[in-house]
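Okay, so chain A shows up in both of these, paired with chain B first and chain C after.
The block that comes next holds the complex of A and B.
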């Protein structure tokens, strides 16, 4: 047994999270690198990576409903918004300009944001259980518009369009989590915190995906009628998929703006939904690691285009000149979605699988 | 009463714009079973083309030219990005069109630039008086143009060989193929038609106002319209478009009585209407009920 690591003698081994030694090594190495990054990178990059981690939580959520359960949702921005406002309202200053309950503990507002968003997901789910495919996509798109209207108009909660409100406060048991002190800077702490949360959420999602529930999700995605026939309770699992996905989105929304500290209702537009769709599709639909990779890629894309600007001099950094980096960036979202869907539907994860297969069989990789 | 009549008439004007856009969606859906999220981009491209052409060749020549140009653009997009995906799940293709939309709109927005652009329509905001009722000429023109185009489309589908081929392909692609219909050509024609219709619709949406990047949101309103009318029903698109237009104008007129809903509530009424309709009739008013064979 000891010299045959790939030999399976039980179902538990077959279903294990890290089922091969190579996966164990790679995951360990990646985690070690991720933990060590604050000592290698500058603070502005760490802040960006913290945002990446949060975006990855949101992308995992969308990946569960779209990638695993096959229910196309363009409404992710709506659920992100609900989470962001729930958290901000719970942790906000009671004496402030906008609604605030003054409970600043992350252990309170983070679960609350997830819960409220999950409830919103459950409310939407009756539509999802009646509709399939493109109908669902359009309905969730409508949700974004309705949500944006509500966020814009309910200025007692959101601060109103163009004004905004402060985001939730990062505190745990009375200790502020992200302030610069002798041991570490604010951005280093932010990054470690978000990384830890990402790992927790990712492992939870991975566990969900390999359980009975996850198998029901994939059955619904692959052929919902067949899934119904073999005894998957379609309404129940579709509702569950929406609830879990929205809870992830709610948590991600709650955390997302703690990094910048301020946000306004215009953030939760259709473009945000498209970005999350892009994360899932470019990363690789139906995989957790793909969603994480996609989230990092899409979130780093603005930074990459800015770096690209040094090489392609005709791209301007001024927003009033053409072509500028903002335009290039938006075009890249669109073009990358198209290119990946046509040439590599499995996304970044698919590229990794190809590379792995190549080197596994090397030097006989033809 | 005058107020009511006026807002209904205004609603018919904006509704006919929605109807034209919705026709484009439905034509593409019938041919390819895909909802094209690229329609907003084509609409914007058409309008911007009109604003550039109108000063040079006049409004009446600019609109057909822009429609043809947008049709060709749609044709190119179909060939490059959508045709390779034949046989893939519909939602994948829909997401591709979403990508096309995002990319094309950025390019078109760059052409809008910072200047105020007008389509150069002859109507402006002039009105026509029918007794006590004031009617804006641009709305009348939109209704007339929609009527003409719908009649033209009807004749096209009813009396031409291509139209017959398109109807056959919509009914059953494989049977149509077996009878020698080039389904690829049908795809191409339907995308081109949808592009052209979007350009005309955009022109009327921008008539009497200026063209800006936010105009694309009007095209998205056509999505609730096709849900209301039924995804695969051409009459449904027209009726749904007019109904949504009228409803939207009515809410805009009486928004003061609904102040608790917040300002600009008319923008989201189509989406609310869509949610209600879907809960009651998931296949729309005129759509075919989907029957799944196991």
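The block that comes next holds the complex of A and C.
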């Protein structure tokens, strides 16, 4: 009912994503601001934000398997790599140095990247149904090493270590999507495209999370034995979790390097996996908005530390001096993860929940 | 001190005998005029299910036919033993449609009481809510010769398990009604056309603080007067209630006050009725529904005030400081409003506007009174401090006065003309007189009841041949316009010193404290006043927790010396406002919570004085024993 958001007269109202006027207003305002950003920021920042959006898609994927279904995965870099190479191979130049099929349409290579990565996820899933916790983390760690070896050696596909290959081409129905023209610059277009894709992927994930499947994931996370007892088919849902998560990773991987245009096999190292884990943990495990916030935070961190340098002059920007911004950045990663895990295990999202709860109960405390 | 207020305007002159619209006719009219507007809402499985006026009337018609099929004839009674829910209203309206009379029974009544009421009212059909109520009904069925059928609403545990031939499931009852409707399509309309103002509409049993409940007979004309007074006569909100108003129905519908607000005002003005899930969920339901019109008994308002006090006290330091500051400001605003009769001054409006941003808006939202435009307290006396609190935070609070015997219509504070401590001005069309010798209040108007069912002696005792009703309340005129009630005539205490004391005022001042739930003053023909005080378990429990005071049970808590000291503070505070003879010299805390099952409370949670003084005679003796603590 109008003015009475709690007086719900149908289940549709009860289930609505934006169930209060405040949520509708703020989501609308946030989206409007995000759409208007290209007119407010310089191109280099927009490029960075476009990367943030893509990273957020990947983080949402990891959030689904680790945050929602509770299956710790360190192999996210592997799935990102599979997506990136699938997309690049499909859209690559057939006459080029590396494998290429010449199908440059994003409508083909993006779903294909997701699908192939999902298949890889399904292949890995049997491990997850047998292992738990630390053991699963170690096994998925193995994936990263296998992946890196394959990517390094299969130079017909990847261009080989230290050389690399061009990324997928951004084209839709024959029209290039990200080229500077009279209406907008390449980076403006790139940002809008990635933002739109992020919204689509985020809403899809949010809906998945509150469906029967999402509830099954949460049940498995909280206690897999108990979930089994209440009728959740464990092998099926764990497989599903890995498949969906890998599909998200595949899509993110395919998109990630279209921004810079070029990538090489060394990108898909353990460090990349750890970065994504950091996004999920710092953002807030088990939430979509947390994963997005974490992805933006981690991706913007290098830039932030560089800005920080202006305030703290004794930190150098030269890699050969000590202390330099790159060291600070690495240290910050570690410190942030430790601080968040100890003081705010629910991450950035937890901070938000706390702030919201504080005002929600005003003028009481509960 | 004995002015008779002349009737101002007459919304209900000489209606007896003439054709007046019954509640059923009003519902039928609403269903015709606004069929798709929402009439009722009930929360089922987490969703507020809506009933439109068309559906409301349609079901009521089916129920009416069902009653005809069960053989209920004009003038006969149908009893309802259920919490507030849609079936209550359907049955009520259907019963009136077939010219029967509804009898409401409290679901908390024990079986013996149910038996007495069913037998005394001569009910033909009983609508019982669930297994618990069916069990009570079956236990006393043999003592009720007139009772033919028991219709139950919740099949769980009853259907297919209880073979008793008198039982009938609601759905089957509706099927019976549908079949009858097909066979005799015009039967209900014919009966409705034949209805007159002298038809019995409902029998409402008084709660009986002193003896057996008496059944007050209200006629169609009585109800019509009440409906018109609250909807057209300005007796309720200003502007008058309408289809955009929402109210929460949570007090027992067996009580005349809730009937006025739920059934009568909705039929008369189209107000949307929302049924609370249960008494325990009222705070949550209030937050969801955010009603625009809210009626409460003092206990409810006191409880809300206690909740606010305790939750502010346990809030984090910043919130506590902010809330306390603005509550102090609210107190000032309240005082201003009390002085002006409820109209804002520029300064108070400004203070309120700023406070609204920082506190009042959120506070009112939390306790579910954000959109209340008219709040009323009645059915028992209330401490002025409680009312002032609500006025201060922006809830337009009005104390009203009425009783079962005059269809709950006598006086009410009008918006903008509020006098705190009084029950307001006589409603339109009401003649009110204060007896010169006894100080008793008498009323005369078309809403005065037709008499007690099968009890001419009791009727003669309160109803004079010329239509004046003895209310049993002692009061006085304030400034010639407003009426102040000083107490129940039979409760007036005469201390050994010869001083007349009305206990209700002092008791309510005690109950205004968040820590006091019940207070019973004793002092009739005694040397001095003493009090039995029941603590509020929630708030005192929280207080004890904050003090790190361990306790186990209610009894243990009330026996703690620290708690006694806490209450002593409250008593001293109240004492300081009274002259010496009206001070409480000693008090004791009750070792248990008063309960209806033990006969200490009535179904409306009013204290039965005699029962309490009898049950705790040892405590009273201690209080008057020489020596002692005080």
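One rule holds in what follows: the second predicted complex is superposed on the first by the 357 of 366 C-alpha atoms of A that agree within 3 Å, B and C clash if a C-alpha of one lies under 4 Å from a C-alpha of the other, contacts with A are read in each partner's own complex, and residues count from 1 in each chain.
As a convention for this text, contacts are C-beta pairs under 8 Å (C-beta built on N, C-alpha and C of every residue); 3 or more make two chains touch, one makes a residue touch a chain.
Values in this document were obtained by computation on a predicted structure and should not be read as measured data.
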First, second, both or neither for A:362, with chain B first and chain C second: second
Which of chain B and chain C A:173 touches, first, second, both or neither: neither
Most chain A residues touched (candidates chain B, chain C): B
Which of chain B and chain C A:8 touches, first, second, both or neither: second
Chain A - residues contacting chain C, complex: 3-4, 6-11, 14, 361-366
Footprint of chain A on chain C - complex, ascending: 41, 46-50, 274, 287-290, 311-312, 314-316, 319, 322-323, 326, 359, 362-363, 366, 371
Touching residues (chain side chain B, partner chain A) in the complex: 34-35, 81, 84-85, 88-92, 94-96, 98-104, 106-107, 109-110, 113-114, 220, 223-224, 227, 231, 261-265, 267-268, 271-272, 274-275, 278-279, 282, 292, 294
Interface residues, chain A side, partner chain B - complex: 72, 126-127, 130-131, 133-135, 137-139, 141-143, 145-146, 149-150, 152-154, 225-226, 229, 271, 274, 277-278, 281, 320, 322-323, 327, 330-331, 333-338, 341-342, 345
